[in-house]
Structure formats: C-alpha cells, structure tokens
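Okay, structure first, notes after.
Chain naming follows the written order as A, B, C and D, and within any one chain the residues start at number 1.
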Amino acid sequence: MNIHEYQAKEIFRSFGLPVPGGKVATSVEEAVALAGEQGLPVMVKSQVLTGGRGKAGGVKFCATMEDVKENAEKILGLDIKGHIVRKVLVTPAVDIASEYYIGMLIDRNSKRVLLMASAEGGVEIEQVAKDTPELIFKQTIDPRYGLLDHEALGMGMRLCPDDIRKARQLAAAMQKLYKAFVESDASLAEINPFIFTPDGTGHAIDAKVNLDDNAMFRHPGYEELRDLDEENPAERRAREAKLSFVKLEGNVGCLVNGAGLAMATMDLVKYYGGQPANFLDIGGSSNPEKVVNALEIILSDPEVKAILFNIFGGITRCDDVAKGIIAATGSMDINVPIVVRLTGTNEEEGRALLAETDLVPAATMDEAVQKAIELAG
Amino acid sequence: MNIHEYQAKEIFRSFGLPVPGGKVATSVEEAVALAGEQGLPVMVKSQVLTGGRGKAGGVKFCATMEDVKENAEKILGLDIKGHIVRKVLVTPAVDIASEYYIGMLIDRNSKRVLLMASAEGGVEIEQVAKDTPELIFKQTIDPRYGLLDHEALGMGMRLCPDDIRKARQLAAAMQKLYKAFVESDASLAEINPFIFTPDGTGHAIDAKVNLDDNAMFRHPGYEELRDLDEENPAERRAREAKLSFVKLEGNVGCLVNGAGLAMATMDLVKYYGGQPANFLDIGGSSNPEKVVNALEIILSDPEVKAILFNIFGGITRCDDVAKGIIAATGSMDINVPIVVRLTGTNEEEGRALLAETDLVPAATMDEAVQKAIELAG
Amino acid sequence: MAIFVDENTRVVVQGITGRDGGFHAREMMAYGTQVVAGVTPGRGGQVFDDKVPVYDTVAEAVREHDANTSVIFVPPFGAAGAICEAADAGCKLIVCITEGVPTLDMVKVMPYIQERGARLIGPNCPGLLAPGIAKLGILPTSIVKEGPVGLVSRSGTLTYEVVYQLTAAGLGQTTCLGIGGDPVIGTTFMDAIMAFNEDPRTEAFVMIGEIGGDAEEKAAAYIKEHVKKPVVSFIAGQTAPPGKRMGHAGAIVSGGSGTAAEKKKALEAAGIPVADRPMDIVPRLQEIWKR
Amino acid sequence: MAIFVDENTRVVVQGITGRDGGFHAREMMAYGTQVVAGVTPGRGGQVFDDKVPVYDTVAEAVREHDANTSVIFVPPFGAAGAICEAADAGCKLIVCITEGVPTLDMVKVMPYIQERGARLIGPNCPGLLAPGIAKLGILPTSIVKEGPVGLVSRSGTLTYEVVYQLTAAGLGQTTCLGIGGDPVIGTTFMDAIMAFNEDPRTEAFVMIGEIGGDAEEKAAAYIKEHVKKPVVSFIAGQTAPPGKRMGHAGAIVSGGSGTAAEKKKALEAAGIPVADRPMDIVPRLQEIWKR
C-alpha cells in the first residue's frame, strides 16, 4: 500500500527522524491558516500517490500569505498524472545547503533490506541509477543485526567525506529509517532529499513509504492511512472482496484462477489482437459468491463487451467450478457473452454442465481467448 | 538499578503485557480513594526494593473499604528487612486458578538472555531451583532472532500441556517480556506469578525488573525511576560522584584503585581480624577532587576509625597519586589516621612525598592493612 | 531421481488438522508420499485419518518418525514461525504453501534456515511434484507423468497449464516445481536450474517466469555459462501496467525494471527460446531438443 | 610464544586520537608492539605522533596495513559498534578496554564476532601483555618479566599486584591476561586456560577470580579433567555482601550463588590451591611446582 508524503513523515517522525513540522489542508482557507500558524516561508505540497509532483506544479515555495493563497488555489484540484489533488501539505520551508538521497527496499537477490544512498539527492533516483550508478552507494542489511553503527557511519562518510558531523547525522537517519522500515513492515522507504541547512542541521524534507500489504494484519491502525479517493472504485471493491484485481483499458473481462495464468491470459488476449479489460485472480475456490463479486466488479466497467473465464481446475473439480459459475451467472442479469474454459479434474463433466446454458464453452486457452475477442467485437 | 513493582508493571504494560490496573498511594487516605476508584476487592502491596514482602505482612487482600484502611495503615511505615514502606500499590484483586513463574536474566555461560519458566509460580523461584530443578524449564534466546514463536509456544505447552489457549497466552507473555527486557536494557525481569483466572484469562500480577546501570545513557527517562528514599545517603553521593561504593559495617575505611584490588583489600582486612567499613573503587586517576569526594563519603560514616589507601599505580605514576592524596587530605579536616600504600611506577618518589606529611606510609598491602586495623583500634 | 526429493523423503505436515492441510495431506498420501506425521499445537496425541499421528511440535514428530521434510499449511501470521520450527527440528527440506506471508518475516527467516542447512521452497507456492516419487504441496497429480523434463515456475495454475501440455505431448517430468510468487523466496530459479542441470534424469527443462525482479535474467546468465541441456522459457505479464501488483506480491514492474520485455530479451540473448504463448512451449522445446 | 599474540600481531588502535587511546597507543608502541594504524571516524588522513596513520574506518586501516588485531578505546556507547567494525574488517583478535558497555550490547556482539572467527578480550579489561612480544591494552610494562608463568584474571590492578609479586619472586610471565569484570565477556577463564594448557612455553599458571557467576567453577572442572600443569588460584570478594555490585558489573552475589566460598570450594575440590591472601599466591605456586 502506497501512502502519502504526510503520512510517511508521520511514521518517520515517530521513529525519531528529523522531519520538519507540517499539517495537511483540504481547502485554501485551511492552507492559509496553517501557514499563519507555522510562520512563513512555507512549502505547499500536493499530496497525491504519484511521482513527478514538482514538475507538474504541485510543489510550491511560498514567501508570503498571498503566495500561499495563490498556490493552494492552483494546486488543490490539480490533475497530476490522473490523480486529482485533494490535500496539500503545508510545511515550513527550510534553506537547503546540500541534498542527499536515502532509501531502503527489499532486495530480492540478497533476500535482505538494501540501503541505497547518494549525494545526488532531490532528483529522481532512478535517473541517477541509470546515468551515474557509481554515485549510488549500497549496503545490504543483515536482518539478524540490523544496520550496524560502522555500516551506517561508513555510508555517511562516503556521502559526506569532509564533514564528520553531517556524516553522523546521515548515519543516525539511516539507522532510524531502518527501524521505521522494519517496524512498519515497509516494502519501500525513501527520504529524498535529506537536506542540510546552512548551519549544518539535517532534515528529511520529503518522504515516500510503501507498506507491505501482506503485513497489514500486524498494523490495524494502518488501514486508516488508505486514501480511498486515490483508489479506483472497482479496485476498492475487489480489495474488499479479497480479490486480486487491476483495471485495464480493454473490453475483454477476464476471470482466471491464479495470478500467473491470469497474466498469461491477458497476454494471450493481446497476442490475438484483443484488449484485456482487467487482471483478476479469483483464486482456487469455486465459491459462487466470489464469482458473483468478480463478475459485478468486471461488469461495472461499461467497456467490457465479453467475459472470459479461464480456469485450470487442478485439484478443485471442474464440475464444481462449472456449478459455481452457473449459479453465479444465473443469479445475475448479464448482457455480455461469457466464454468458459475449464481444464483439469472432471473437465468433461464440467463442460457437459455448461452445455445446458448460454455460456460458451471452450476446450483450450487459445480457443477461449479467440472466442472472447470475437464476441467482444 | 532495582525498581519497584509498580514501575516494572508500568514498563511491562507499555510492552503489551496483561498487567491489572493499579496506582500508588503514599497515604492511607489516598489508598482508600484509589480502592474506591478501582472497585473492591483490591490488593494493597508495599513497594520496597526487597523480597519477602508477603511474609513480612506487606501484601494484603482487602474485601472491604475497612480492610483497605486498616491494611494501608499497617503497611505504610512498616519495616521490611530494613526498608521502610513509603508507598503502597493499590491494584484490583483477581481470582487465581493457577500460577506460573516467568523470568529472564543474562546467562553468563551462553552469553545470552535465558528464559526460565515454571508451573510452580507464586513461590520463591530460588527455592524451586534448589528443591525441584526439574520443574524449571529453560530456553536461551538467540539475540539475532529473539524468542521465536516455536520456542515460546514450546515453553507454553510444557507449562500448560493440556490447555493450548493458556499455553498461547503464556507464550505471548514470554515474547512480550523478552521485548521489554531487551528494549529496557534489563538485567533481570520476572513475572511471579503470571496467573490465570477461573475463566482462563492471564494476568501478570507481580513484576520485578533490574535495569542495567551501564545502559542508563540510552534511557534518560529511567533516572526518574530511582527511589532516592531507598538509597543509603552515602551510596547516593558516591553514585553522583561516579564512584563505585558499597557501605559495610566495619571501621576501616578503604580507598582502592580497581574493583578486584578493592575486594581483595576488604578480604585482607577481615583476614587480619579487622572489619572493612566499605568497598570503594576510586578508579585509575589521581584527580584530587575524586579523592576528596571519596574521603567525604567514607568520613560521613561515624564508625570509621582509620582510612586505608591501597593504590597500585600501574601506569599512573605514584608521585602523581601521592600529590593527589596530599592535596585532597590537606584541603580537609580529617580526625582519623590515614595509611597509604603506593606501589608501581615511581613508588619511591611517591613515598618520599608522603614522608613529609602525617600520612602513614606502607610498602605492601599486608603491612598497610595491618597498620590500618591497628590504628582503628 | 528427481530434484530435492527421493524415496527417503519422510514428510511432516504442519497444520494437518486444518482444512487445507488435511485435504492436501490426504492428496499427498494418496500419491504415495510418505507422510509420517502431522503437527498442530494443542492437537498432539490425535491421529489424522486413523493413519497419521499428530504432534504438538515438529521436534517431537521428527524425533518419533525420523522425518526430514516439512510441508506447511498454516495461516500467514504463523508461517515464518512454522518454517523456523521445522528448520530447528532438523528438517532439511521445507515447503511452505502459505500465501500472504509478510516479506520481512521471510527476510528474517532466511539466515535462520541457512544456519540450519535447510532448503526452503516457497512461500506462496504450489510446492513440488516428482512424478512417481513424491508430492510435496498442492500440484494436481492427474496432469503429471514420469519422464525426462524438469519444470520450474513462479506461478501455480500456469504451471499446471504447461505440465498439462507436456504430458499431453507425451513429455513426462522429473520434477515440477513451483517456487512461488513472492519477492523473497527460499529456492530461486537459479537453485532449481543448478539442480536440474546436475540431475542425470532431467534431459531438458522449462522455466516459467513472470514480471518483477531479475531472477530470470540471473538464471539466463547462469544457463548461458553452465547449462548444456535444452531450456525453453515463458514470461507472463507482458501486458501488465507498471507499478501495479499482479496478484503475486512479487509480480510488479517498479521503477521501469522487471518488465517481461527485459526478461525476454535477456533470455533470448542467452540463447534460450521464449515462447509467445503457453501452447508454444512444447513445440519450442521439441525444436531444440534432439533426443 | 605466548597465548593469542605473536610476532605477527599487527595492531589497529580504535580511538587513537582520544586521550586514553593516544596515551596507551604510545605505551604499546614504546613496548615494541606493532601499532600499524589508528582509527577515528572523521580523522582519516591525520598521522598520530608523526608515526601512525589514522583512518576513518578499520576496514581501510586493515586493508592498508595488513592489520589483524584491534585494541579499542572508545566511549561505552560506541564500544559494541567498534567491536563489530573490527571483526567485520577482518581483525581476528579484538581487545576492548572500554568500561561500562551495556550488557545486552555484548550479548548481541557475541554471535557477530563468532561468525567472523574473531576472538574478543574484554570489554572492561586491562587487555593482554606478553612480555617481550607485545602489549595490547593498559597493563603496566614496568612490572612484567619474561618467563614461564601464565596469568589470567577478571581484575585490573589486582592482576598488577600479582604480576608484581611473581616478578619480584623471579617468576616471569608468558602472558598476563585480564579478561574483564563484566557479566558477558569475549574470552573466558576456560578459553584462557585451554590456551595456556596448550602453550608450550607456559609451565604453570595463576587464575585470579572474583565473586559472581560460575566461570571459576567451570574452569576448575576443566582443569581437573584436562590440565597437568600446576595452577594456583585466588578469589576476591569473600567479604562482599550479597546483592551488591562490587564495582565490576559482573561482581555480584545473586540469589545466593556466585560466592567466593563456593568458588574456593570448587577449586579446591579440583585440586587447585586457593591462596588466602594475594601474597600467598607465589608461595602456593612454588609449593606445587616441581621445576
């Protein structure tokens, strides 16, 4: 789960990272009032779950209350890559003498948390990684020991070879960031930039955190961090129904059991010239309720012109799956054709059951995909 | 540093251990008011830094407000092994169906935290360890992984083989206790007893914690937990002056550099029929201020009839040490004889300096100890 | 022979008294797998299906039945603990089927099992099926057949699809292995490929990848350098949009890397044919495999 | 020969630019110890006393000067980190002089250094002095003399007292080792005794214990079983009251165990004479040592 800068900063602050104060406003008046509270100058920063806010005009320095008013007006309601700005963070502006990048993520190869840091802060780190990878320092962190003093200070001194005071501040920030990462079950945590003011004090002035969806059970409070406005309504419904669903732009609705097979199905739709309307994994069960939920989610998209079930029965028996599909579709008023491909244990029995319905049977994945594209028109 | 039950419970509570509510009263009226707030029945428990409170009449069950008043009157001011009760904890009384012991300490041999647990809770664990060691289960904890689920649940099932629900509660309590132990830098943490009520709910109804003095720098807030009333005034002064000092009952005041040599000096005083008045390690320096502090602390004890300096110079030069002692003693008004034994680099120069004073020089530890005993009379 | 299992594989099922654990324990036993014990804390002393004794701890089960392998069906919050318990009890192969295990739990588990010399498969995987030898997990036995082809995949049902086609084409398998779709997993493509490469009975193998990470690229580099056996691959997720998790926690294109196109390019550069459609896998394998 | 050090011992001093670190580095060098580098973060590039180059990290110092040993003089809050840094940089012997290190820091350090194959002496110890070979720590060189006696002690100045008497009696030392007074220490009595037992030049040795823990009892059992060389002991703290920490964090009688009387009893039961007074150590040794 991706969270907003202001929420990430709240987490960072609770782990002792030096984050400047700041509050969120949802209206211009509120933004102006907050600026008044905090004292000028301030930054007004759009809170949307996408990158490139600065380039899109979503982050502004405000020296006067007039600036605050004007910029809050411009930013609130702004569309940044399809995300409408509904909140702005009003935060004290600090003088920047130097900028650093500090980030942590899960490194699949070492199977550890990887710390990355660079003196090229404040810019897109992916770009730095591409253009000048030698400017990014890395340290994998042994989960048994955490980020040790000498590892953190070593990184700090590489970033700031001539100023041990700053190196120590960077090291302390990295150790706190690691603690925040682990204890919040993050999958990504970035401070970009970590800055020093001219007097040599460090501040984390931007923050990005992704939380591990699998670990939400350990953090009941984090559910409140979810910004429902940022979520596509169909994706929200799928999440609530515990279905893996991603909205796409096509017209062939796909219901598949298993994530890999679902991706392969989408790919095959494309291969045959069609456009998948979604990714959807209905999982291993033949529960009619789950199928109903999945169909409702897919059919909420008016673009969907045909529906494709691709089910590899595996251990679940195909006749059971067929019954589930028949029960689900029978209970609903569906106006688009439905192609069903069932393979696995008892597949013939399953297809026999389908033969008595309006559902279009298919023997293979290829056949099913081609039929669905054809029926979608 | 040893802390009170109510303070230990506060720490435990902050780590999620199931500790019944409760507050501390310093007067009978306050105790009665707290009992009124909490609802009867309550326990009134003396808060003193020693064991055996129950046997000494310092822990009472109170079914009525009369009981509360009567028991609080009895307990406040009670002398338990030389500790005067100044505070009582008023805490809800719970029905006890079964009692367990859960404790953690530093195990020197494995160099790890050792978890000990027993179904023989509510009694002195030292006695259980002596009489029926087979009833104490042990688990050393790998600091790299903490107390793992299967280790904790294994212990829980050994304590409670027939009730998995209780076993899981015990396991959870052990894992929380470990977290509390590590994060508070404890050297000992005990719940004795951890009890189940007849409905099967677990509660930590007594708590004992010793904190690592060496780690206090990490926990600035813990300094407030120190109960100055429980501290001998001379020991408090020594602590504030950063001197290792322990008050004893004899009449030969000892100032020694190094803890091992200080213990050996005390032992030698005893060997020659004398009684050491204290343990005191003045450390490696010859700083006159430290010597003044040490002398003042020792001389605050009217029993002290002679003072013995036993200094092995090591790298510090004996003439410097002698100068320090002369400066310190010269600045004070001291009415007892002072024997000084100096050995190490420049010891002759040191002794030559002492010869010009009232201080009694000695060449060896034996000679110094014998002289001091003689002078103490 | 197969990879990772043989006739001495003696299995403990953790979570055997649960719905999924019980169902799949029966399926494994029906296939002839030596399921020697089950473990559910608090259920010690019971007997599963009148056949398999249940213990409170893996340690007891291993001690009593000389087990060396565990297959885990426990809820996500208990999975990491169950893996550690199995490793600590001496199991040398641990297959964790559980989906939804927090990634940092797995990060912490890795050195623990490594110190104990255990191999982990999964989590969030269908496990392993060595036709004619043993089944450790949930792969359907009806679609497999003994034979010379190895198969390793990050996916579940997509694996079944490919196994189904191999079997239909008369190509039996030495081992079908689902390594799981999570970012941090025990046995990786690289581990499986090294094992297939060394397994004398495996004559050719198939690797089914998907978007996210660079395990396929690493495997490609290894194959190019060290593997002489024919290998064909398939990558799912060509149409996946960036930044979105496609079901599997590990199936996500992030910061422009981990795309299907990159993987396909790396594999082809290493001389490994990449099928466009699942149904092209068998024909592509037959093209390069001179039997 | 001595224990733990030899002529190849090449030393890094961590905290060399501090007051204590600088003072003792000079003393070590004056005794002929090969102090090849110093480390103080932020002071890299300086030269200590115009002789010893200072680095920001131990890794650099080890790389540039092929050091294998570190002696640590840093404040308590940095000591555990300094030990880990030394071990991680490849130092195989680490002597930590620092007093006041939190015990749980040491608990955490232990497996880290063990994984890296490093031996730790201390913390809160005077270190080691092998007369004629090297000095690693703060033991005064003026009182030692080369010879056949080994000495190991939990104490500092009490050690000096005993060394002084040995030297005065003409009994030189192979190695004088202070293992430190904390509850959790790297090298224990047992480790030291095993090393002295194997060291061909050590003909007899002295063990100076004190109250707290049961390291002396463990050592006694080992000596009884495995050591043929003459051993004499002394235990400080017979008059220490229970429950009070006697200076050293580890010197405490708790729950009635760790008393001097118990230790004395265990040692004597193992046939090891225990001197009543420090000045009895040399005579007791001479009694049992047929040279």
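Going forward, contacts are C-beta pairs under 8 Å (C-beta built on N, C-alpha and C of every residue); 3 or more make two chains touch, one makes a residue touch a chain.
The shown structure was predicted, so the numbers you read here are calculated from the model rather than taken from an experiment.
Note on connectivity: the fewest steps through touching chains from chain C to chain D is 2. Seen from the C-alpha centroid of chain D, the farthest chain centroid is that of A. In terms of their C-alpha centroids, the spacing between chain B and chain D amounts to 27 Å.
Averaged C-alpha coordinates put the centre of chain A at 52 Å from the centre of chain B. Once the centre of each chain is set as its mean CA position, chain A and chain D turn out to be 55 Å apart.
Touching two or more other chains at once are residues 144-145 of chain B. In chain D, the residues that touch at least two other chains are 108, 111. Judged by the touch criterion defined above, the protein chains form a pattern that is neither an open path, a ring nor a star, and not fully connected either. According to the touch criterion at the top of this document, the contacting chain pairs are A-B, A-C, A-D, B-C, B-D.
On the chain A side of its complex with chain B, the touching residues are 144-145. Those residues of chain D that touch chain B in the complex are listed here as 23-24, 27, 76-77, 100-108, 110-111, 138-140, 142-143, 153-161, 164, 181, 183-184, 208, 210-211, 213-215, 218, 234, 236-241, 244-251, 255-256, 260, 276-279.
Residue ranges of chain B in contact with chain C, taken from their complex: 144-145, 148-150, 153-154, 157, 164, 167-168.
Partner chain B is touched in their complex by these residues of chain C: 41-42, 56-59, 78, 80-82, 84-85, 88, 108, 111-112. Residues of chain B that touch chain D in their complex: 106, 108-109, 111-113, 126, 129, 142-144, 182, 185, 187, 212-215, 217-218, 244, 246, 248, 256-264, 266-271, 276, 279, 281, 312-315, 343-345, 364-366.
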